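Got a structure for you, written out below as structure tokens; questions coming shortly.
Labels A, B and C are assigned to the chains in the order they are written; within every chain, residues are numbered from 1.
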Amino acid sequence: MNGWLAPGTWNVALVGATVCALIAVSVVRARRGAHVPVRSFPPLLALDRAVADAVAQGRPVYFVAGSQDLDNMQTVAALAVLRPLARKVAEAGGRLFVPTNRSLVMDNAREICRRAYDDAGRGDLWRDDWVAYISDDHLGFVARVDGLIARERPGLCVLMGFFASESLLLAEGGHQVGAVQIAGTASAVQLPFLVASCDHVLLGEELFAAGASLEGDAARLGSLRGQDLCKLAAAACLVAGSLVATLADVTGAQPWLFLRDAFLNVFRAG
Amino acid sequence: MNDRCARIASWLETLDRRWIFLVLAVVVVAALLSGVSTPDRATSVVQPIYDRIENLPAGSPILLSLDYSPSSAPELEPMADALTQHALLTGHPICYMSLYPTGNNMISRVEERVIAREFPQAVPARDWVSLGFQVGGEMLINSLRDSLTARYPTDVTGRPLRDVPALRGVRGLGDFGLIVSLSAGQPGLKEWILYAGDVIDVPLAGGCTGVGAPQFFPYYPLQILGLMSALKGAAEYEAALARGHPEFKAANQPATRGMGPQSAAHLVIVAFILLGNAGLVLRRLARRRSP
Amino acid sequence: MSGVKQRVPQIILTVVALLLIASAFVARPEGSGAPFGQRLLAFADQEFATWFSILAVFAFLLGGLNLVATHLVKVRDRGPDRYYSLVTLVSFLIVLVIGTAKLGGPPGLQGDVTAPGSWLTAVFDAVLSPLHATLYSLLAFYIASASYRAFRARSLESSLLLASALVVLLGRIPAGRHLTAWIPEPLAFLRVEELSLWILRVPNTAGQRALMIGIALGVIALAVRMIAGVEKDPRSGGDGS
């Protein structure tokens, strides 16, 4: 191992390996049948009703998978929500429009929607131009989508994935035509805008949990449990570390100083 | 009285948003035309950036990454201008680069607006160099850690980096005296922190839009030594620069000038928020008093 | 999806991901006598970034072709938005020709297409920059109307949100500083600019860190599932085929 491990990375490797192991073990246990209870997400509970209302009013459903490419995990998480949504819209006999600003996302989204409509037995309804590439430029993209929203007046706008400044422009555009808006993003910066302008919002990691919750896939549910275990471990380390650091500073005793240095060594950045 | 409260509350609740747009536009335009502005002072979050540049050893190069597009230029360009002026006033060569495709144009604008006009005696390649944009985002930062020439064999004019006096002694990112990322999104300051600052412990500072500021405060002060956020951050830096260097031309303080209209806009928004809550109070009063 | 169509991309994903993860933890090779494994990982770390950039260029091509195809169909079929499509196509072609031919700038493969005086720079400065600024400036108006709707003291939590918003709105302008400049020095922490900085540095930082930890774990979990091949491809059918 000497000479192989890059200096200063052993602690990142240790923490990373622990996190991955917890998640992997949880996934394996879930796939073997362990029950994983997941709380309900109000934005997802509202989805069925919102789709039904939009289709009943003869209004299309819009889905925007964020403004980044497939290499962004939030886009992958958004596409995991698109499949069950497309199926719901197909079963209701509605029209789903998915504007994208990356060509690879467009390709994937088109195949997802086509399969979902076929699986729902409504392959006759589906048209490939319901998934369209608009522009790589995020502001050009939002200008076009807002124009389409103003003209087509969708009944439901679902905004999932990574957003930059276009989140508020999209959300206000949807609000203006009276659409129900369900959003979800792990971009902490854009959460306040979506919370202020949308009806329901998935916060942070709830976006990653959304696909698991909608489809009930064992592997995804297992990894949700793994994430929760890691969060518990992180919280425990925070409390323990704060306590140890306080005791080390107050008492100056050697055992506490040693423990404090150990915590700092394991959790230092880089 | 009840009816009146209810009517006013109803009017406030259903206020057409175009009235808000109109009042905001009128107030901001009036503030812009009147030229009103209030001088500012650097807070404890911005001052360390200024102090770092002031205390760098003579001739230490500074890397300035302009990671934004024209939409964020109003907030971030004043920061780029002020940092450029500060670096040139204190004799530190600047190396420009960008993680954004529109970065080359952003760099050109700083060169034309600040260097060509305020520092005509500055010599390209000696006092500043532009490496321009390269695709890759965090992968680019990763590659540049050990060697700039891994992805930038030449600067934008085609000159090999080994022949650039401004980069003498600079092999990788760790050889800069300071790295500043002016960031509007992704890739940006966060990637600089994760892939450069945290890994090779190089002094790193940042500038960001107002929207992005909350996500960067957790990194201050351990991973970034300072943070300029939004036009206010730029105005604070200009204030520090004007106080420390009287030769910094008072006319060229776009951020300080912009704080007038910004103050007006904030006050209008506060007024409308209070108005909206007044409507809420009136509605509750009307309900309580109704038979 | 057929076995080969599923398995080959999965193998590529797993191998590339594991190589890149390992390269972050393995020391850089020193000299030509370094072990093969170290040299392979250093190669992966350096070169894959370039390969991804090349892939991204092909993705641009794919998007461009789709853009042209979509809008040509709209123009041909005389759809309701055909004039917008015509503008899109004409603009696309003009900028494509200007950029490819490097009109107005230094010619040749090494010529800088964004050099001062080039037509592409002129289009950028005269068209794209103002359009970006215009759209971005809409945000100021939209946030005003969204704030008017959202910041109401309906409950304890929303009242706290309202109070924080007012403090930060006033604390981030020089005029706000003057509002509370009268507060004496021992109570300076109550001045609006100090309060706003405290809100950003303490409660906001706590919330952001909690969100960041959760989001990072979500990203890691998704990555582990994708690398291990247990993440269901959303393009697959309901039966997983």
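The rule is simple: a contact is a pair of C-beta atoms (placed from the backbone, for glycine too) under 8 Å apart; a residue touches a chain by one contact, two chains touch by 3 or more.
Keep in mind that this is a model prediction, so the values were computed, not measured.
Asker: Please work out which of A-B and B-C is bridged by more C-beta pairs in contact, and write that pair.
Answerer: B-C
Asker: Centre of all protein Cα atoms: which chain's centre is nearest to it?
Answerer: C
Asker: Taking CA centroids for every chain, report which one is farthest away from subunit A.
Answerer: Greatest centre separation from subunit A goes to chain B.
Asker: Need the CA-centroid distance for the pair subunit B / subunit C, whole Å please.
Answerer: 17
Asker: State, to the nearest whole Å, the distance from the C-alpha centre of subunit A to the C-alpha centre of subunit B.
Answerer: 29
Asker: Please set out, as single numbers or ranges, the residues of subunit A touching at least two other chains.
Answerer: 139, 165, 188
Asker: Identify all positions of subunit C at which a residue touches two or more other chains, and write them in rising order.
Answerer: Residues 28, 52, 56, 132, 135-136, 143, 145, 147, 149, 151, 208, 212.
Asker: Which residues of subunit B are in contact with two or more other chains?
Answerer: 71, 214-215
Asker: In their complex, what parts of subunit C are in touch with subunit A?
Answerer: Where subunit C meets subunit A, its residues are 24-28, 35, 37-38, 52, 56, 59-60, 62-63, 66-67, 70, 73, 84, 131-132, 135-136, 138-139, 142-143, 145-147, 149-151, 208, 211-215, 217-226, 228, 230-232, 234-238.
Asker: Could you please specify the touching residues of subunit A with respect to subunit B in the complex?
Answerer: Answer in residue numbers: 68, 139, 162, 164-165, 188-190, 269-270.
Asker: Taking the touch rule as given, give the residues of subunit A at its contact with subunit C in the complex, in rising order.
Answerer: 3-7, 9, 12-13, 16, 19-20, 23-24, 27, 31, 69, 71, 73, 76-77, 79-80, 82-83, 87, 102-104, 106-108, 111-112, 115, 118-119, 129, 132-136, 139-140, 142-143, 147, 165, 168-169, 171-172, 186, 188, 191, 193, 195-197, 203-205, 207-209, 211, 215, 217, 219-220, 223-224, 226-227, 230-231, 234
Asker: Once bound in the complex, which stretches of subunit B touch subunit A?
Answerer: Checking each residue of subunit B against subunit A gives 71, 184-186, 198-201, 211-212, 214-215, 222-223.
Asker: Can you list the subunit B residues touching subunit C in their complex?
Answerer: 15, 17, 20-21, 24-25, 28, 37-40, 43-45, 69-74, 102, 104-105, 108, 112, 132, 134-136, 139-140, 142-143, 146, 150-151, 156-158, 210, 213-215, 217-218, 220, 230, 232, 235, 259, 262-263, 265-270, 272-273, 275-277, 280
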